[in-house]
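Several structures are given next for inspection.
Next, two complexes with chain A in common: one pairs it with chain B, the other with chain C.
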Partner chain A sequence: MMFGLFFSLKTFAAAMDPRTDTKSQLGAPLRIGESCTFRSFRTNNYKLHFLESPSGIKIVLNTDPNAGDLRDNLSYIYGLYVEYVMKNPLYTPGEPFKCELFLRNLFQFVKTIGL
Partner chain B sequence: MDAINAEIFTLTYGSMVRQLIADLEDVNEVNKQLDTMGYNIGIRLIDEFLAKSKTGKCIDFRDTADKIAKVGFKMFLNTSAAVANWNADSTECSLILEDNPLTDFVELPENYAGLSYCNVLCGVIRGALEMVNINVSCSFVKDVLRGDDVSELRLKLLSQMHETYPYKDDD
Partner chain C sequence: MPAIYALYVINKSGGLIYNKEFVVMASNNLNDTLRLASIWHSLHAIAAQLSPAPGCTGIELLQADTFDLHCFQTLTGTKMLMVVEPNTPDVDILLRDTIYDLYCDYVLKNPFYEVEMPIRCELFDSNLFQTINNVHRRWGLLH
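Right, the complex of A and B next:
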């Protein structure tokens, strides 16, 4: 469901972009990283932050609705992912992972930014 | 970024290639194996590259080749390459490596003339670009170890895939 939500939101965001001359049809295939993408959305109860790397890794963070721009923090988490998951020789790319060291560092980082 | 001693890196790579030759006994098999190893490195390396260089999307293939040459080679091999010899449709280019740390201390004996010593680089580039939906083929056309003055990697753009919804509506 998450995936469908992001996929639709992304194509929607791209189709709404007023700065491109050629409007792509809603739902038309996009190149990864092409056009614009959304960064967060806010409801009355929470705010959802979203980061997608050109390689297709998506990072989602749910926070308090008053949280500010967390893009730097998301890219730091991407760095943690690279360090502890991608460089883990036991991990096969594309598989779900359960990596203690990654989780520990992630929790520590989230604590330090005080969310 | 953590760096390791270049000589250790060079010597480790050399002994690895030597071991492959001993194990596989055929230079073409060794070339193939190096390419596969590079591919497996590349599909992981791309995320490190993206996370550390904080690059966004590339506009076109020219931009991509430029980033590989200037940022990628700098980051992982501490050398930089020149991009040259574009064909008319901007789908093929050469990366020219004047200084390649992998080939320090290396001499290729005559009976291994068919060995593409740095073939691992081709695999790395192919694997890394595949993860950002660009299919390329990559091979060495000139090699300092075979007596050329520079090493030249030929990159050829095969296709750029689009992001499509992977499921059918009925699923």
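Right, the complex of A and C next:
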């Protein structure tokens, strides 16, 4: 359900884009980084931040609705993922992961955001 | 620079009943706009279901690279969407207070208007334009 939400939100944002005149047809497949994409949405009781890497890895952070722009923090988390998960020789790309070092650093970082 | 691009009104079953653009923008054709309106209707519902905390009523603000989309849902389930420049201030208040008032006064109180049907009210159009022009003038976009 979450993947469907992001997929549709990306299509929606690309189609709604008021600045680009040359938009592909609604529903046509989109390449990553090619068109306007969404970065967060806020509801009355949570805010969801979204970052998609060039390889299609999506990083999602659910926070309090009053949180500000967390794009830098998301790219830092992506950096942690690259360092501790992708560079782990025992990890097979595409599989679920359970890396202690990644978790430890992630928890430490989330505490420093201070929400 | 803050600017208001467009206003859309979606009825409670997800149909687009009003759309209006206020500045020159890359717009979609009517068919695509209707489809986008019903896509938004379902995204709004899914986001409310995915909430980590109970009592979520749906998306209020969507931030994308080139625009912000503010969504105000009335108590009866009608949604008012406003597409604006990123980081335009006070749009939620404008929607909730001013535009919703105009909708009540000139659309709902119009005896010839049938609820849930497309809005074709001249007075609503003209007052809406005046309001948006006033806001744009305040931001220095119009003289």
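To be clear about the criterion, the second predicted complex is superposed on the first by the 115 of 115 C-alpha atoms of A that agree within 3 Å, B and C clash if a C-alpha of one lies under 4 Å from a C-alpha of the other, contacts with A are read in each partner's own complex, and residues count from 1 in each chain.
Criterion: contacts are C-beta pairs under 8 Å (C-beta built on N, C-alpha and C of every residue); 3 or more make two chains touch, one makes a residue touch a chain.
Note that this is a predicted model, so its numbers are computed, not measured.
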{"item": "Fit-or-clash call for chain B and chain C when the two complexes are aligned on chain A", "value": "fit"}
{"item": "Chain B versus chain C as contact partner of A:Met16, first or second or both or neither", "value": "second"}
{"item": "Partner chain(s) touched by A:Arg104 [first = chain B, second = chain C, both, neither]", "value": "neither"}
{"item": "Contacts of A:Lys58 with chain B and chain C, given as first, second, both or neither", "value": "neither"}
{"item": "Chain B versus chain C, judged by how many residues of chain A each one touches", "value": "C"}
{"item": "Which of chain B and chain C A:Gly79 touches, first, second, both or neither", "value": "first"}
{"item": "Touched partner set for A:Met1, first chain B, second chain C, both or neither", "value": "second"}
{"item": "Computed vertex angle (chain A) for partners chain B and chain C, CA, steps of 10°", "value": "130"}
{"item": "Touching partner for A:Arg42 - first (chain B), second (chain C), both, neither", "value": "second"}
{"item": "A:Lys87 touches, of chain B and chain C: first, second, both or neither?", "value": "first"}
{"item": "Smallest distance from any CA atom of chain C to any CA atom of chain B, in Å, after fitting", "value": "12"}
{"item": "Residues on chain B engaged by chain A in the complex (per definition of touch)", "value": "43-44, 46-48, 50-52, 54-58, 131-133, 160-165"}
{"item": "Footprint of chain B on chain A - complex, ascending", "value": "7, 27, 29-34, 53-57, 75, 78-79, 81-82, 86-87, 93"}
{"item": "In the complex, chain A residues that touch chain C", "value": "1-2, 4-5, 8-9, 11-13, 15-21, 23, 26, 36-46, 48, 62"}
{"item": "Chain A partner contacts - residues on chain C that touch it in the complex", "value": "5-6, 25-28, 32, 35-36, 39-40, 42-43, 46-53, 55-67, 69, 83"}
